[in-house]
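Next come the structures, one after another.
Shared chain: chain A. Partners: chain B in the first complex, chain C in the second.
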Partner chain A sequence: MELLEVDQAEKSYNIRKFGNSYRLMAVNDVSFSLKKGSCVGLVGESGCGKSTLGRLITGLEKPTKGQVRFLGESVYSATKRGRKLPFAGKIQMVFQDSYDAVNPRYTAEQIVEEPLRNLMHLSVKERKMKVSELLRKVGIPDSEKNKYAMEFSGGQLQRVCIARALACEPQLLVLDEPLSSLDVSVQAQILNLLGDIKDEGNLSYLLISHDLEAIYYLADSIIVMYGGQIMEQIDDISLFYEMKHPYTKMLLSSIPSYRNQEEKSETAESIWMDLGVQKEGYTGCPYYGRCPEGKEVCKQKRPEIRKIRKGQTVACHMIDD
Partner chain B sequence: MENILEVENLQIFLKKNRQKINAVDQVTFGIEKGRTLGIIGESGSGKSLTCMAVMGLLDRKMWQFEGNVSLQGKKLDITKRKQMSQICGNRMALIMQNPMSAFNPVITIGQHFYETLGKPGLPKTGKEQMKKIAVELLEKMYIRDPESVLRSYAFQLSGGMLQRIMIALALAVQPDLLIADEPTTALDLSVQNEIVKILKELQRKYGMSILIVSHDLGVIKELADEVAVMYAGNIVEKGSAKEILLNPSHPYSKGLFCSRPAFSKERLTVMEGQPPVLEERGSGCGFYPRCPEKCEACKAYFPDACTVDRKHQIKCLKRGGDVNGIAGS
Partner chain C sequence: MNLKKFFKKLMKRKMTVFFGVIILVIVLAGILAPLIAPHDPLEQNLELKFSMPSAEYPMGTDHLGRCIFSRVLFATRTTLGFSMLCTVLAAVIGITLGIIAGYKGGVTDTIIMRLCDVLYAFPGIVLVMAIVGVIGVGIFNIIIAMLILQWLWYARVSRNLAASEKVRSYVAAARLCGASDWKIIFRHILPNIIPNMLAIFTVDFGHTIMSISGYSFLGLGVQAPQAEWGAMINEGRNYINADPWMMFWPGIMILLVVVSVNIIGDHMRDALDGQSS
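And now, the complex of A and B:
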């Protein structure tokens, strides 16, 4: 059985802006699955719905349509008395800004202890032991466990957040831009740490990021999102350079690399996402407005996501099988 | 060629509990007309502090300065508020890191433009004229429907848009020097790419000089002609962009360039540890605890800059740096 199955999930929000209201399709008909022990990288620009998808998977938001299943069961269930997260300990999340993600009045020890206290039945002694074990695992020395969040540097606090996410021995970790607020040298430390943790246990990752280099490093498969929809998906990272969708190609070409010396084109053109493509009722391809290969058919009809070869699916009219 | 901005032995001290803590130490650099200097380094290495000091934005009560800053050959007194405020905005302009917090939330974007364009010291312009200039500037930044943007407030616009508006604001007065403090850090990859292109285009058009601070090596490679690597308040390596990016020599620069995964699955070589805390910097090399090539002498002595190759300068005992005759072994 797949560990996680996202089945035609859809999330829309009502937007009311100075009189005219519409529904914004933040996530639109997204399906994919995640195998145990693998890491899926989710790429896309801000506003494309990748964080919303992360929240759907953790059960923080309820999909408007479709389902998100974890080990065959829906992750979101509401009872009469309120919302329940049946997989709270099994799916954990690491957030982008670690300073915002922790209680500033808690020490590192309390931060990591909180999920243990809430979700696991352990004695106080066991709990303390577990906390120091976790902190050691992520490289925070015992002497620093009584520090408050403010006293840590960004990289250290991100480690504490990772320890907190690992506390309940989850099976799936949703990493929502875990690196983007960190320095380059600290990013490398965190990337190595994530790689080690993954190799150790049977943990799976969903890595949400716009840093393609980091995704390439950690992920086994990649999903590219645009305008709330999946544009391209590859099951094997070795197909990375053979990704075909025009949007993916644009992404690949816009990676600023200091290693190669070739000069890029210097003329600037507008490549901004038009939010209109996410309104309910828009039927064309969301990338149409920016696509260099766009034709009339792209404006009229939304491309179906289809397989073009083993391990690669693309949603584009212009790509032949 | 003549240097637009010249910074000589700039030292910045933080006054705390009647002590003076050295935050930026002996920073020296110059920017030629129409060229770009990139400063890279970790957070807390003093990059932004240097920029703020050059703009005269640091509070005299908290900070103390030594050294010289001169703009086009004329010495600036960076502690004089009044004098600096005539130069900032007219001849030097600043783009800040976080566009969301750089704008005043209670006035419209248009009012920001009128405020900047109506500054004393600039030729007097009517409101209609100012509006025309603002619309033109926004169009240059590829902003759709500039008229309605001028009427909106900062919180109604996206981060990438605000960043472009901030660049437009900075350019409104046609400065000689643009200081860009992490202009792309808060932005997306494709938006970042766009901002870089815009900056390049503008530089070509107006021939202004840019001082860009970033920790994104890709952005630096795209924009900078010269690069200075900062660590713990010091410029540890300085030289032409090509040379430093392709052939870094200081152990810190080397470590920095190795820590990006470069589309491979190989384990990253990591510089362990953290940069030193401000209060704990000793007299020796700031990189000593993390350096893979350290020796005993590094702990106690920090060498002056020595020249490797024409413009390429480096501060490291192991690379020929010299302190009062104690050479590295």
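And now, the complex of A and C:
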């Protein structure tokens, strides 16, 4: 059985403006699955629905349509009283802004202790030991465990957050842009830490990021999202440079070091995504407006996601099998 | 903000400490009234009525020859006690409803907040008069009548604060850590909005003292012969030309307490504003 199955998940929001209300399809018909022990990288620009997808997977949000299943069971069960999440502790999340992700009144110890207190029946002594062990694992010395959240640096606090996420031996860790609020040197440290933790246990990652280099470093497979939909998907990182979709190519060429900047011209593109493509009722390809290869058919019809070779699927009219 | 840090910051200003000490002294005097008071506050001695302050009667006596000093001391218990009761009840009701509205959102939020809007439209004094007119005069009836409007402030502010805390990712993190809604409210949201609530509480306490005294002055609240500052001012009203002491002492007490409480409340608000910038 797959660890995680996302089955035609859809999340839409009502956007109300004066005289101009519509439904925004934040996540539109997304399906994929995640194997135990693997790391899926989810790439896309701001507003493409990748964070919403992360929240759907953790069960924090309820999909409008479709389902998210963890070990065969739906992650969102609205019937439970007090809305205690059914997979609390087993599915964990690391957030983008670590200062926002911890209660400012808590010390590092209390932060890491919280899931243990809620989910595990441990004596106080066992709990304290477990907290120290977790903090040591992420590189926070014991002497700092009584510091308040605001007294840590961003990188350190992100480590504390990772320790909290690891507390209940989770099986799936959703990393929602865990690096983007950190400076570059710290990013590398956190990335290494995540890599080490992954090698240790049978933990699976869903790494949400717009940093392709981080994804390349950590992920085994990649999903590229645009406008709430999956544009391209590869099952093996070795196909990284073989990705075909025009949007993916644009993303790749935006890495400064990639291929000696041969396709420099496109990288400067700074057009914001037109939110119109995410309105309910839009039928064309969401990338049409920015796509250099866009044709009439792209405007009319949404491209089906299809397999172009083993381990690679693309949603584009312009790519031949 | 951290409550400890909040108080530390508060204590940096000498004015706050000064007025805090005043409040503390008055409250202590009220608590220890039976030990400090030289006379029984209800003991009449008609031969000594309207006497000037003396060693025996530090604030003089009133029209029935009762010791004003003892009465002022015992009135501290009545006035501050009932005001505290009223404010605490209002805060508890308001914060509870406010957090529920802010945290639950949706229909619950709409219902509670529209109820607030409707109640806001009532003029306070008129509503209290009407309610007391129906259920009768007396301090507990006054408190019930005041509560109907008083929780609104707490509800509004705590609702907004709870709503803004709720969307922060630490609440999402807490849910992923297996916390139920109640745990999130009690462990995360409530402690984070307490300093703000404390600031409102302090200012509101000042207003409540004024109201309780005011209604007692009008004869709607605490009834004679029980001592209460507002009621004492009312009793002295007839003798303002002959013996202004009777009004002066309870008046100065109300002034002192309300000014101190308001200044402390203002400083609390300043301390909170400072942390957000």
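The rule is simple: the second predicted complex is superposed on the first by the 306 of 321 C-alpha atoms of A that agree within 3 Å, B and C clash if a C-alpha of one lies under 4 Å from a C-alpha of the other, contacts with A are read in each partner's own complex, and residues count from 1 in each chain.
As a convention for this text, contacts are C-beta pairs under 8 Å (C-beta built on N, C-alpha and C of every residue); 3 or more make two chains touch, one makes a residue touch a chain.
On a predicted model such as this, the values are computed, not experimentally measured, just so you know.
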{"item": "Contacts of A:S185 with chain B and chain C, given as first, second, both or neither", "value": "first"}
{"item": "First (chain B), second (chain C), both or neither touched by A:A88", "value": "second"}
{"item": "Chain B versus chain C as contact partner of A:F240, first or second or both or neither", "value": "first"}
{"item": "In the superposition, chain B vs chain C on chain A residues touched", "value": "B"}
{"item": "Chain B versus chain C as contact partner of A:A214, first or second or both or neither", "value": "first"}
{"item": "Contacts of A:Y282 with chain B and chain C, given as first, second, both or neither", "value": "neither"}
{"item": "Which of chain B and chain C A:Y22 touches, first, second, both or neither", "value": "neither"}
{"item": "Contact footprint of chain A on chain B as seen in their complex", "value": "42-43, 142, 144, 158-161, 188-194, 196-198, 200-201, 215-222, 242, 245-246, 255-265, 267-272, 274"}
{"item": "Sites on chain A touched by chain B in the complex", "value": "45-47, 153-156, 183-189, 191-192, 195, 210-214, 216-217, 237, 240, 250-251, 254-259, 261, 264, 266-272"}
{"item": "Chain A - residues contacting chain C, complex", "value": "55, 58, 60, 82-85, 88-89, 91-93, 95-97, 100-105, 114-115, 118-119, 148, 161, 164-165, 167-168"}
{"item": "Residue ranges of chain C in contact with chain A within the complex", "value": "1-3, 168-170, 172-183, 187-188, 191-192"}
